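Have a look at these structures, which come just after this line.
Both of the next two complexes hold subunit A, though its partner changes from subunit B to subunit C.
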Partner chain A sequence: MRFIWRAAALAAMTALLWSAHAQQPVRIGSTLALTGPLGSAGNIQKVAIEVYIDDLNSRGGLLGRKVEWVLKDDQSRPDLARTLYEQLATVDKVDLLMGPYGTASILSAMGVAQRYGKILIHNSFGTPRLAKYDMQFSASGGAGDPENVWPNLVFDAVATAPKPPKTVAIVTTKFPSAHSIALGAREVAKKRGLTEVLFLEYEFGNRDFGAIAARVKDAKPDFVFAGALGLDGVLLLDAMKKIDYQPPMHFYTFPAPGPMLKLPEAKNALALTTFEEHPPHTGNPQATQFIQGFRERAAKASLPSTSVDLLSTIAYASWQVLEAAVSGARSLDDKALAQWLRQSQVDTVMGRLSWQGTPEGPPNFVMGKDIYKVKQLQDGKWLVVWPKEFAAPGAKLIGP
Partner chain B sequence: MRFVAAAIVLGAVPFLGLPAFYESFLYLVFHWVVLATSWNILSGYSGYFSFGHAAFFGIGVYTTAVLAGKLDWPFLWTLPFAAAVPALVGVALGAIIFRVRALRGELFALLTLAVTFVVSTLVLNTPVDGGPGVMLSAVSIPKLAPTVSGTFYLLSLVLALATVAIAYAVYHSRFGTGLFAIHDDEAVAEVMGVPTYRFKLAAFALSCALAGVAGGIYGVFVSYVTVGETFSGFVALYVILMAALGGTRHWLGPALGAAALTTLLYVFTTSDYAVAGRAAMGLIFILVILFLPQGLLGRFAHRKALPRRNAPIPSAAPAAKNMESILVVRDLSKAFKGVQALSHVELEVRRGEILGLVGPNGSGKSTLINLVSGHYPVDGGSIRFEGRELVGEAPHRIARAGIARTYQIPRPFPHLTVLENVALPPMFGQVVMDRAAAEAEAWRWLEFTGLAGKALLQPQHLNLHQRKFLELARALASRPKLLFLDEVLSGLTPSEMNEAIRLIRAIRDQGATIVFVEHVMRAVMELTDRVVVLTYGKNIAAGAPGDVMRDPQVITAYLGAAHA
Partner chain C sequence: MPSYALLGQSALSGVFIGALYGLLGLGLTLSWGMLRQINLAHFALVFLGAYLTYQLGAAGMDPLVTLALIAPAFFLFGAALHLLLARFKVNALNTLLVTFGFMVMLESLIQWIWSADFRRLESHYGDVKWKVGELFVPLPELLTLALACGLALAVWAALRFTDLGKAMRATAEDAPIAAAFGVNEKLLSLLLSGLCAAFAAVAGMCLALSHTLAPSQIYAWIGVVFAVVMIGGLGNPLGPLVAGVVIGVSEGLTMAVTAPVWAPLVSFSLLIAALLLRPEKF
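The block that comes next holds the complex of A and B.
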């Protein structure tokens, strides 16, 4: 009899403890560049992730527990990112880590994750070959060799123009990720038989594009491939306008989308994307929820643009990957999540992601293909034009 | 002792089993302590305000990045080079910059800012980086502590303690005193015997070397270095802000500012307050500039004078008056943009005498002093002091040879106390003293000039009469063989003048040789053994005071020719 009482008491205690545990939130820690040079990007990602967590918690959270996001500001500094991830791992003792924004900070966080055996899902790692950790997973949608995949995608796209380009001018910032893609573009162009009439590099942060514009004009290229970030493209186009030059076809790696929309000279500019606010990307409940949620929160947060773009999409998708892994592995154990991701595919708002790497590539990166698309600025809107199956209804690449 | 105890306690932190975060956070604190303190050794102490600290920090980062990341050197072996390379670059730059007198203040700040751009461009466009950044995660970290974070903590702790100890030692040394004098009035410091060029170069090298080592450690800490992040403007901005907050005129000020601001920045990393934190930083900066321009320690902690030592200091033996010439000036000329200030001037000063040097305003008396003391370069002629040619010598060497001077308009070092002002020349004069001996000597001359009661005040609290006497005390403290007194009596009331004349007599009684430049004829007649008269840059008469004053040329020079 005494045994039965003891067993019952023990069972009751266990149930109590379990229910208390179940009510404790899952704490997920990350940093973002909320201030400093990358602050604008970090704040866009913050809003996108908040939209996602609201939705996730309204659906019951992870494994029946609400999710609490422990977010810190790494001030765009990798040294601070490292220390903050140490704090998240050793003092805050969060259940899971998510990546920060930007290659250098992600590398700092990756070192910490590796030391504590934590999985790290990130979305903005510009140079995949630098990733050596086998429990890091990119949710950016990019391949392990973007310097090969993206130039091929872009040259495929421009080859569909009525008059495909035969000559190319490549100008690029020396910011590491954009630079390596531009160097890749040189190789790809050569292999495809295009003639490189100009190759120019400029320093990150350069604001004077007058001389570069003049050199491009003199080279008379059919196509300008600009390894340009942020406002570089706008400034380059502005400088070209001053010397009465309009490139026949022009591509910018990752331009600030808003300012380009307002610039008449940016007409028909090309850029990379994973998601745009038009079919076939939209039209499903998940995308609708994301776009609406983002608009509302972005307006409240006074972001310059309330439209969903590449930055917000990859942030949103990275948390979709996390949710899929936790649900799929039915666990918060880092090794179990990593194991599940390596063997699985995840459908995100921007497309299907997988991480079956190859021995020659960085761990957990698919080589040779990804889900990126080429978009073009047509009639004041960014429309995907390539690959065809992701193009906006009726849209195709406009070229000379 | 307290310093050693603190070092032991801090050194034990990695072995206490605390979460690694604390080591990482303290690493950041020590990192900024090193950067802010090293910046201050040049910019705070000597006043050469640098915006280029990121350049030298970055050179250190990339020295280790290349040696450890690309050439696979052991990490710790790279650190001496991370110190040496930026120090050499600093010395090479300083060797050019510090020779140009005009490159002070904002010009120096802009130049150092430009250096950051030049260095970053070179690193970006050469194989040192070339654009993609340098990956350092494969660099093997020596196991100095149980964890990797602990190792970085210990490295930065040792460097921070060394840096603060160096800042402390410099602060209390002749070197530091010289740097503070350079900060206040470089030309006067040089004339007082401070080898300003060498001191600036040494401070620059030290500052660069310490920043370089911090960079070497930092590169491996972040594990991936890029030009954009390494040479970003915030390094210079933060170190300036930290040093300004803590106090640039105190050895511990920048360390205090660095600890406070790093902690504050960390407090505001919670996402909800990130932007508010940045705004708070800006506000703090504005408040510091407005209300604490000297920083926390500058406001609340002052450099303490050493305990007053009244032990008798042997003074220079009275020189016997004789006919031997101590200073011989021949054919000396100087022109300023076409105005001939001195033309073929001849002058002899005999050991032990007081020579009056008189003449109307603009006759070239002060120019003569400025040439002999090396303040201005000589156009032509010769100045021989005790048989040694002084033309072409640096002013501090002339001071060390035993020549001292006062300034017609007193030029005390405004941020040094009266005692420190007077203690400076003995540290750099012909008999080089350490700080304690120099302060004891200074007390002696402060007593002599009646300024002992004002010793711990700054010169701004003195009236003109006291400032003139401060000039005197400062000149006498170097125990000169030859003393130039440039219009020490001008602007004094009759009673103050009487006191000054009494003082100069007392100086003469001690046997100093004096060149006495003065307009007050009563004093000239009372004090001098001989008089030389200058007018329009030429000497027109020389001899006993009574004879010279009756010389028709002298009367004409002072009163003009009679035309009636």
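The block that comes next holds the complex of A and C.
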């Protein structure tokens, strides 16, 4: 009789412990650049991820457990990102890691993830050839060779203009990712027979674009390819306006979307994107839900622009990838998740992602193709204009 | 060979950015040279002034008129900061550390209120420009140049020709002796500190007129403005303006004839040259 009582008590305790474990949230740690030079981008990503986690938890979370996001501010500093990821892995002892924002911080986080054997899904790694870790997965939708794919995409787009460009001016920041893409643009332009009338490099954080604008004007290019990040494009356009110059066609790699929208002289500017708020991108319920949730939260967070675009979408998609991996592998084990991702495809809000790498490319990167599109600022709205199948209804590239 | 229009426009652009360097450096050089306070918070104050101009401008107020509210408020803040530093007898080197703390706090305050995202003042001034020969002259930059020249000359003249200015210079030279001659050193220091902060408000307004704002950009100006202040001579109100224009034009012409990536080297090469050739000034 005593044995039966003891067995029953043990069973009850085991059940209680199991139940308590099942009630504990899955803790997922990451940093974002909430302050510092990349702060504007980091705050947009924070809002997008919060929208996703709310939705995920309303659907029961991961493996039946709620998700708790342990977020730290890396202040746009890769050195701090490294320290914070160490903390997340050793002190906070999170179940999973997610990537920070920006190439340099992702590279820092990747080193820590490798040291602790953690999977790292990231969304804004601009120099894939630097990724050597085989459990890192990009959810940005970009190829392993963006310096080849993106310039080709852009030059394909401008070739559809009524008067395709014959000359190009390439102006670029020395910031590594944008710089390598601009160098790729030089090669692509040359191969396509365009004449390079100007090539300029400036330091990241340059304040005065007056002389650069004057040189662009002096060179009289048909097309300006600006390897510009964040505010650079706005500052360059401002400087061009002051000398009464409007380039016939102009492209900016990753401009700050909000300020660019409000700038009249940014009319017809081109940029890269994965998603914009118009059909065919909005043609599924998840996209609609994301847009609505993002608008509400972005307004509460006082973001200058409440529209969903590249930055918010890649952040959202990276968590979609994580959820798909956990659900697919039915596990939180890092190796199991990595194994599942290597063999699978994930449908995200911005398109289908896969990670079947090739021996010549960085691990888990597809080479030579990706899901990026070219958008253009038309009548105060960013509209995808290339490739045609993703273009906004009736939208065409406007050019001279 | 670059065209004359390109060289001229680049040099003019250098004059304008140099004027902004000078305006940013005016308050800094006075507090450093005359109060022995290396006030890093000055940069954060400039940005706070710019954000307040943006906010009041967005509410419909003319950016120039906003100075009537912001400058007096900053004057009080500057005086209060001086009271605090004087109360705890913070020496010159330590003011660097203390005011760095204030700078970080002000940056956090700016970010808390306006977020880390970019903000841009939309004003009618931004649309006005004139064509003089082959060159374009935008109004916001011209205003900055006029204010920088006007304030630097006014402060220089006040320090040189008025009793108040002479008393301030005497206090900066030797406070105990000046006090022995009846100069109220504490009051003059408060006044000067307040004025330096008010100059930050003016620089902030000019910054808001011609630049897009983000809290983290506070740090982007520190290096070059320090160079301008040191080359111009500590405590010399005309120095930062002259040094700023020299650096701005040098940077502009460097960008016009070589790779723009070389431009930042110009200001620091000039600083090193100044330190080597005029060590007694530092």
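Everything below uses one rule, namely that the second predicted complex is superposed on the first by the 385 of 400 C-alpha atoms of A that agree within 3 Å, B and C clash if a C-alpha of one lies under 4 Å from a C-alpha of the other, contacts with A are read in each partner's own complex, and residues count from 1 in each chain.
Convention: a residue touches a chain if its C-beta (ideal position, glycine included) is under 8 Å from a C-beta of that chain, and two chains touch if they have at least 3 such contacts.
Since the model is a prediction, treat every value here as computed from it, not as a measurement.
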item: Subunit A as common anchor, with subunit B and subunit C clashing or fitting; value: clash
item: Which of subunit B and subunit C A:L303 touches, first, second, both or neither; value: second
item: First, second, both or neither for A:T127, with subunit B first and subunit C second; value: first
item: Which superposed partner A:L34 touches (first subunit B, second subunit C, both, neither); value: both
item: Contacts of A:E203 with subunit B and subunit C, given as first, second, both or neither; value: both
item: Touching partner for A:S58 - first (subunit B), second (subunit C), both, neither; value: neither
item: Which superposed partner A:V234 touches (first subunit B, second subunit C, both, neither); value: second
item: First, second, both or neither for A:S108, with subunit B first and subunit C second; value: first
item: Which superposed partner A:P78 touches (first subunit B, second subunit C, both, neither); value: first
item: Which superposed partner A:K174 touches (first subunit B, second subunit C, both, neither); value: both
item: Clash-bearing segment of subunit B relative to subunit C, given 25-33, 79-87 or 97-105; value: 97-105
item: On subunit A, the residue positions that both subunit B and subunit C contact, one per complex; value: 34-37, 174, 201, 203, 205
item: Residues of subunit A that touch subunit C when the two form their complex; value: 34-37, 39-40, 42-44, 76, 174, 200-203, 205-208, 210-212, 214-215, 217-218, 230-231, 234-235, 238-239, 242-244, 256, 258-259, 262-263, 301-304
item: Residues on subunit B engaged by subunit A in the complex (per definition of touch); value: 19-25, 27-28, 31, 120-121, 124-125, 131-133, 135, 137-138, 147-149, 218, 221-224, 226-229, 232, 234, 265-266, 268-271, 274-275, 277-278
item: Subunit C to subunit A touching residues, read off their complex; value: 2-3, 5-6, 9-10, 12-14, 16-17, 108, 111, 114-120, 122, 129, 131, 136, 138, 141, 210-212, 214-217, 220-221, 224, 248, 251-256, 259-261, 263-264
item: Subunit A residues within the subunit B interface of the complex; value: 31-32, 34-37, 46, 71-75, 77-80, 82-84, 86-87, 89-91, 103-104, 107-108, 111, 115, 127, 130, 132, 174-176, 179-180, 201, 203-205
